[in-house]
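Across the two complexes that follow, chain A remains constant while its partner is chain B and subsequently chain C.
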Partner chain A sequence: MNKISFNYSKLLLPGILLAILVVLATLPLYGSNYSIVLLTSIIMYVILTVSWALFSGSTGYISLATAAFFGVGIYTSAILGRTFTASILANEYFVVFIVIIGGLISACLAFIVGAITLRLRGIYFAIFTFGLVELIKNLLLWYEVKFTGTRGRFVVVIGNETIYYVILGILLLLLLVTYFIRRSRYGLALESIGEHEEAAAHIGINVTMVKVIIFAISAVFVGMTGSIMAMRWTYIDPYISFDPNLTFLPVLMAIFGGTRQMYGPIIGAVVFAYLEEILLTRFPYYYMLIFGIVLAATILYLPNGLVGVVQKIIARLAGGKHAHSRG
Partner chain B sequence: MLTSILDVLIAGLLLGGLYALIAMGLSLQYGVARVFNISHGEFIMLGGMATLTLFTVFKINPLIAIVICGPITFVLGYIIHRTFFRHLLTSLPIFGEITILCTLFLWTVFRILADYNYVRLNQFAALAICLVIAIILDFALNRTAFRRIHESRVAAGVFESTSMLFSFGLMFIIKNIAFIGWGPSIRSYSFLQQPVSIAGALFGMNRLVTLGFSILIGLAFYFFLTRTRIGKAIRAAASDPTVAQLMGVNINQVLALCFGLGAAMAGIAGVLISMCYPVNANMGIEYTIIAIIVVALGGLGSIPGSFIGGFALGIIGSIVSFFEPGLALVAYYFIFGLLLLIRPKGILGK
Partner chain C sequence: MHILEGERVTKYFGGLAAVSEVSFQVDPGEVVGLIGPNGAGKTTLFNLISASLVPNSGVIRFKGKNITGMAPYHICRMGIGRTFQTVKIFPNLSVMENVRIGALFGCGGRISATEATRKAEELLEFVGLPQVSSTPAGSLTFANQKKLEVARALATQPEVLLLDEIMAGLNQTEIGQAMELVNRIRQSGVTIVMIEHVMKAIMNICDRIMVLHHGRKIAEGTPSEIAKSETVIEIYLGEANAAG
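After this line comes the complex of A and B, so read on.
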C-alpha cells in the first residue's frame, strides 16, 4: 500500500514567516511608540539589504549605488510634498502615491546607470555606482546653494504608524517579488550570469537586458523606502540623503547573512540594524570599527555568511542525510 | 585673457600632478595585484594626517615626512597584502591575520568597556594584553582548525570581488581608527606658501614642490619598472601571474610588493596634499573616487595611462572650477560616463 507522505518541514519556514508577519502587522495595536520607530529603521535596512542581494547577490555584480537610489526617493518625496497642499497630504493614499513615484524615478535612474555600465565588465559597474552617490550629492548641493539659496528642505510630517505600515507593505511586496523572481526564468538567468556570464549568453539569455531589468526592479524598492523615510526624518539635505553608509551597510549586512539564500540578507540586516540602534548613539566610531572588523572577518572566514555556517552545522547534525544537497 | 588661460592651465597641471600620483598607486594595486582597493584614499588620509601631526607637534619638515610616511605606508600595505589578500587569493589562512583582526576587536571592546567605566587600565597595557590574547588565539587556530584547509587558488573574477569587498572593511577600520586618534575636525598648516610667479601668474611654492615630487616619483617608478629585475618581475606578473610564477617569479612577494608600493604612493600623495589643502579624517573617500576615475580614464591597470589621465583630469578640473567651482567632481563624473559609452577601456587600455 502506498502511503501518501507529506513533508511537513516544507511548511515550517513559510509558517514562521507568516507568524512573524502577523506579529509585525499587529504591532501598533499593542507595541510602544519606540518599538514602532525601532522596527521602522530595522525594516528599512532589511529592504535595502534584500534589494541589494536581489541583484548583486546572484549576479556577483557589486552595486554600490543603494544610497543614490535612496536619496533620489528622499528628494522625490521632499519636492512632491512641497508642491501639494497639506489638505491633500492628509489623505494616506496620497502618501502611497508619492512613495510609488519615488520608486519609479529611482528605477529610471537605475535603468540609465545599468544601460551605461552593465554591458561592460563587472568592475566598471562597481566603479561607476561607487561614485554615483557622490556625483548626485555634489550636483544637488550645487543646485540648492546656487538656485534655492538654502541647503536643506523640510518634508511633510505624517504619523509614525502610517510610515510603519507603508514600509511594512514595501517589505512584503519586496519579499514577494524576490521570491517570484528567484523562482522564475529571470532568477535562473541571474544565477547563470553569476556562475558564468559568457556561457549564459551562449545559451540564449539576453544578458544585458536581464541585468538591467533586475537592477531597475531592485532600485524601485530602495527608492520607495527613501521616499517614506524622508517623511520620518522631516528635515533633509544632500549630506543626509546621500550618506555613503547607506550603500556600505546593506552590502555588509547581506554578506554577513549570506547571499545564497533569500533569508540570509534578512537575518544579517536584522542583526546589524539592531546592533546599530544600540551602539550608534553612544559609540558612533567604535561601531563602524566593529562593522569593518566583522566585514573583514566574514569575507575571510565565512564566505557563505551566517546562513552558510548554520546550514553546515545542520548538515553535520543530520549526519549525511542531506549529503547530496548543495550548500 | 591669455594670462588667465595660462593661469588655469598651470593650475590644472599642478592639480594633475597630485591626481597622477594617486592614480598610479591605485593602478599598480589593481593592474598587478588585482585588488580594486577602495581603501586607497584612506592611505592618503593617513599620510596627510600623519604629516600634520609631525609638523605641528614634532616640528618635522613635511618634506622629511615624505621619507617617514612613504616607508610606513609601504610596510602597512605590504603586511595587509601578505596576510589578508593572500588568504583571499589562496584560500589558506595565514598566521598574523587573526592577530591583527582580533587585536583590533578586543581593543574596541576594551575602549567601549572603558567608556562605561567597567575597566580601568592603561591604554598601552590594554593594547599589550589584547595583542597577547590575539597571538595565542592565532597560534592555537593555526595549529588546529586551519591545518585541515588546503590551498586552492580562486578564480580571478572571484578574487576581484572578494578583495574589493575586503578593502571596504579595511576602509571602515582605517578611517575609524583615524577618527578615534585625530577627531573629525578639518585642519591645515602653512608651509612654503611664498608666491612664485610663472608667466605672470602667481602660485604657491608648495604647489610647485608638489608637482615636482609627483613627476619625480612617477619617473623614478617608470625607470624602476623598466630597468630593474624586480620591475621586470612586476611587469611579468601583471601580464600573466601563472606564467610568471612558472618562470621563477616569487609571485606572492611581487604582489605584496606592488600593493605596498601603491600604498606608499598614496601615503606620499597624502603628505603632498596636506601641504596645499586642509586635511581631515574623512577626506579619503573623495580621493578614492578621483583615483578610480583617473585609473578608468587612463585604462585599468595601465601606469603610463594613469599618469596621463591624472594630468588630463587635473586640467579639466581646473577649467571647470574656473567657471563653476562646485562642479569639478560632477564634471569628472560626466567625463567618466562619457568614456564608458565611447571608449570603455580608457586612453591607453589594452
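After this line comes the complex of A and C, so read on.
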C-alpha cells in the first residue's frame, strides 16, 4: 500500500532519534538550569506515556494504574533515602540503585495486579487498576497518620543535573526495550491480543502470561521515574505521590499522538508536556480548555492520532509521485 | 488408539444443555463431519475440545491424554488447531503476519523468525492465497479471510484440525476450492473434524458423520448411512419446513 513511505520512515527515524539523543545528552554542557528542569519534566511525561502505550496501546487493556506505580517509586525513594545517610546519597551510583529498586517494586506490584486482573475483561481491568491508585493512597494515609504521625515525608535532595541524567537514562532504556519488544514475536503477540484475544489463545499464545509480563515490564519504568522525581520534589505525601493526573495525562497524550507507531506517544507527550509547562502557570484555565478541545477533536477525527495524520500526508505525497511516474 | 475422544461431555448455559452427554471418537487420518440444525451445539462442542469452554462434566482426551481443563494455548501446542465460525483473523496485521504468528507460537518448540516466514509463505501458497502478503488481513475478501484462518491454524502444526463452517457464505466456485483444500489437508496427514451445512461437501469428503440435535448425538455413521437415516431426514426436513 504505502510501502515506499514505510521504508523511508524506517530509515529516517533512527537517525533523527540519534541526533535528538546527542542533543539531550549534552544539554547540561550548554543549556540553562531552566532548560534542564523543563526537559526533566517533559521526559517524565514521555516515559509515562510510552510505558502506558507499550502495554495498553497494543493490547487495548486500558491501565489506569500509572499513578500507582509512580507513587510506589516515590515512596521507595522516600523510605530508602531516609534509611541511608546523606553522605551515601551523594554517591550517584546509590541514586541509581534506589531508582532500580523503585522500578522493581513497581514491577512486582504490576505482576501481582496483572495476574489477578488480566483475566478479567478490559473494562473491569481499567476500573480495578484505577481502584489500585486510591487503595494504595488511602492505605498510606492511614499508615502515616497512625504510625508516623505526619502525613508527608522529606526526600533527600540531589542536584538537578543528576536527576536529568538518570531520567534520560531511564528514557533511553525504555525506548530500547520498547523497540525490541515491538519487533519481537511478543510484540506481534501483544497486537494479536488487541485484535482478537480469543483467536490469539487458540494459536498457541499464552495470553495471560504475555499480558502480565509486559504489564510488569511497563511498570518498571514508571516506578523508576517516580523514584527519581521524588528526589526533585523533596517533600512528598500520598496526595502528591498518587495524583490521578499522572494516570490520565499519559493516556490522553498517547491517544493524541497515536498508539499504532512507537513514536506516536513520544510526540504526543512532548507536545502536551511542553504546552503544560509554558501555559499552565500563566493560563491554567485556557490550558485545560485547549487540552480538552484538542483531545475531543483527536478522538473524533483522528483515530490514529497525530502520527496517523502525518503518515497519511506522506503516503499521499509518495502515492502522488508514484502515480506521476507511472503516468 | 483414538487420536481424539470425548466421554459423556456436557455443557450447560444456565438451564440449557448446549451439549449433553456426548461421547465421540476420532481416529488418526479420518475426516469426521459434524452436522445438525442451528443451535444443535456443534460450535459449543468445538469450544469444549479447544478449551474455549470447560465442560460441566465429562472427559476429553487427545492421544489418550486427558486434556479437560487445560488452557487453550496449551491445547493448541499439543496439536489441536481450530478455525472460528465467525472469522477471527487479526485484521490490522498483515496477511503474512497472521500466518507467521501461528507458526511462531503454535508449535511446541521454538522456531526461528526466518523459519516462521518460510513456513508462512509455504502455507499461503498451500491455501491458495495471493502472495501480496503485506496487505492488512482485514482488506481480504470474505472467502480469502476464511482461507487465511485455515492457513493460520495449519501454521500451528496441528494433528487434529477443527473446521467450523469454513464453507458458509461462499459461492459455488469457492466451495469447490474449499473442498479441494480440505482434501489436500487430509492428504498431508492431518485429522479433520468439520462442522458444515453444505451437504455436498459433507457427503463427499467425510469418512464418518456425527449428527447433533438439541445437544445430543442422535446419529453416527458413514455418509450413505446418514443419508438414509430416518431420524436425520426428519430433522432436516423438519427444519426446512420450519424455515420455509
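By definition in this document, the second predicted complex is superposed on the first by the 306 of 327 C-alpha atoms of A that agree within 3 Å, B and C clash if a C-alpha of one lies under 4 Å from a C-alpha of the other, contacts with A are read in each partner's own complex, and residues count from 1 in each chain.
We adopt the following convention: a contact is a pair of C-beta atoms (placed from the backbone, for glycine too) under 8 Å apart; a residue touches a chain by one contact, two chains touch by 3 or more.
Bear in mind the structure is a predicted one, so any value in this text is a computation, not a measurement.
Student: Following the superposition defined at the top, how do chain B and chain C come out on chain A, clash or fit?
Tutor: After superposition on chain A, which the two structures share, chain B sits beside chain C with no clash.
Student: Applying the touch criterion given at the start, work out whether A:Ile116 contacts chain B, chain C, both or neither, answering first, second, both or neither.
Tutor: Only chain B is touched by A:Ile116; chain C is not.
Student: Between chain B (first) and chain C (second), which, if any, makes contact with A:Leu139: first, second, both or neither?
Tutor: First partner only.
Student: I want to verify one number. Taking the Cα centroids, what angle sits at chain A between chain B and chain C, in steps of 10 degrees?
Tutor: In the superposed arrangement it comes to 80 degrees.
Student: Go through the superposed model and pick first if A:Leu188 touches only chain B, second if only chain C, both, or neither.
Tutor: second
Student: Have a look and say if chain B or chain C is in touch with more residues of chain A.
Tutor: Residues of chain A touched, chain B against chain C: more for B.
Student: Between chain B (first) and chain C (second), which does A:Asn206 come into contact with in this model arrangement: first, second, both, or neither?
Tutor: second
Student: Report, in whole Å, the shortest distance between any C-alpha atom of chain B and any C-alpha atom of chain C after the two complexes are superposed.
Tutor: Minimum over all C-alpha pairs: 9 Å.
Student: Which chain A residues qualify as touching chain B in the complex?
Tutor: 60, 62, 116-117, 120, 122-124, 126-128, 130-132, 134-135, 138-139, 141-142, 145-146, 244, 248, 251-252, 255, 282-283, 285-286, 288-297, 299-301, 303
Student: In the complex formed with chain A, which residues of chain B make contact?
Tutor: 36, 38, 84, 87-88, 93, 97, 101, 104-105, 108, 111-112, 115, 157, 160-162, 164-166, 168-173, 175-177, 179-180, 285-286, 289, 292-293, 296, 300, 324, 326-327, 329-330, 333, 336-337, 340-341, 344
Student: Within the complex, which stretch of chain C touches chain A?
Tutor: 50, 52, 71-74, 76-77, 81-82, 84, 88-93, 97, 100-102, 104-107, 113, 134-136, 152-153, 155-156
Student: Which positions of chain A touch chain C when the two form their complex?
Tutor: It comes out as residues 1, 3, 185, 188-189, 191-192, 195-196, 198-208.
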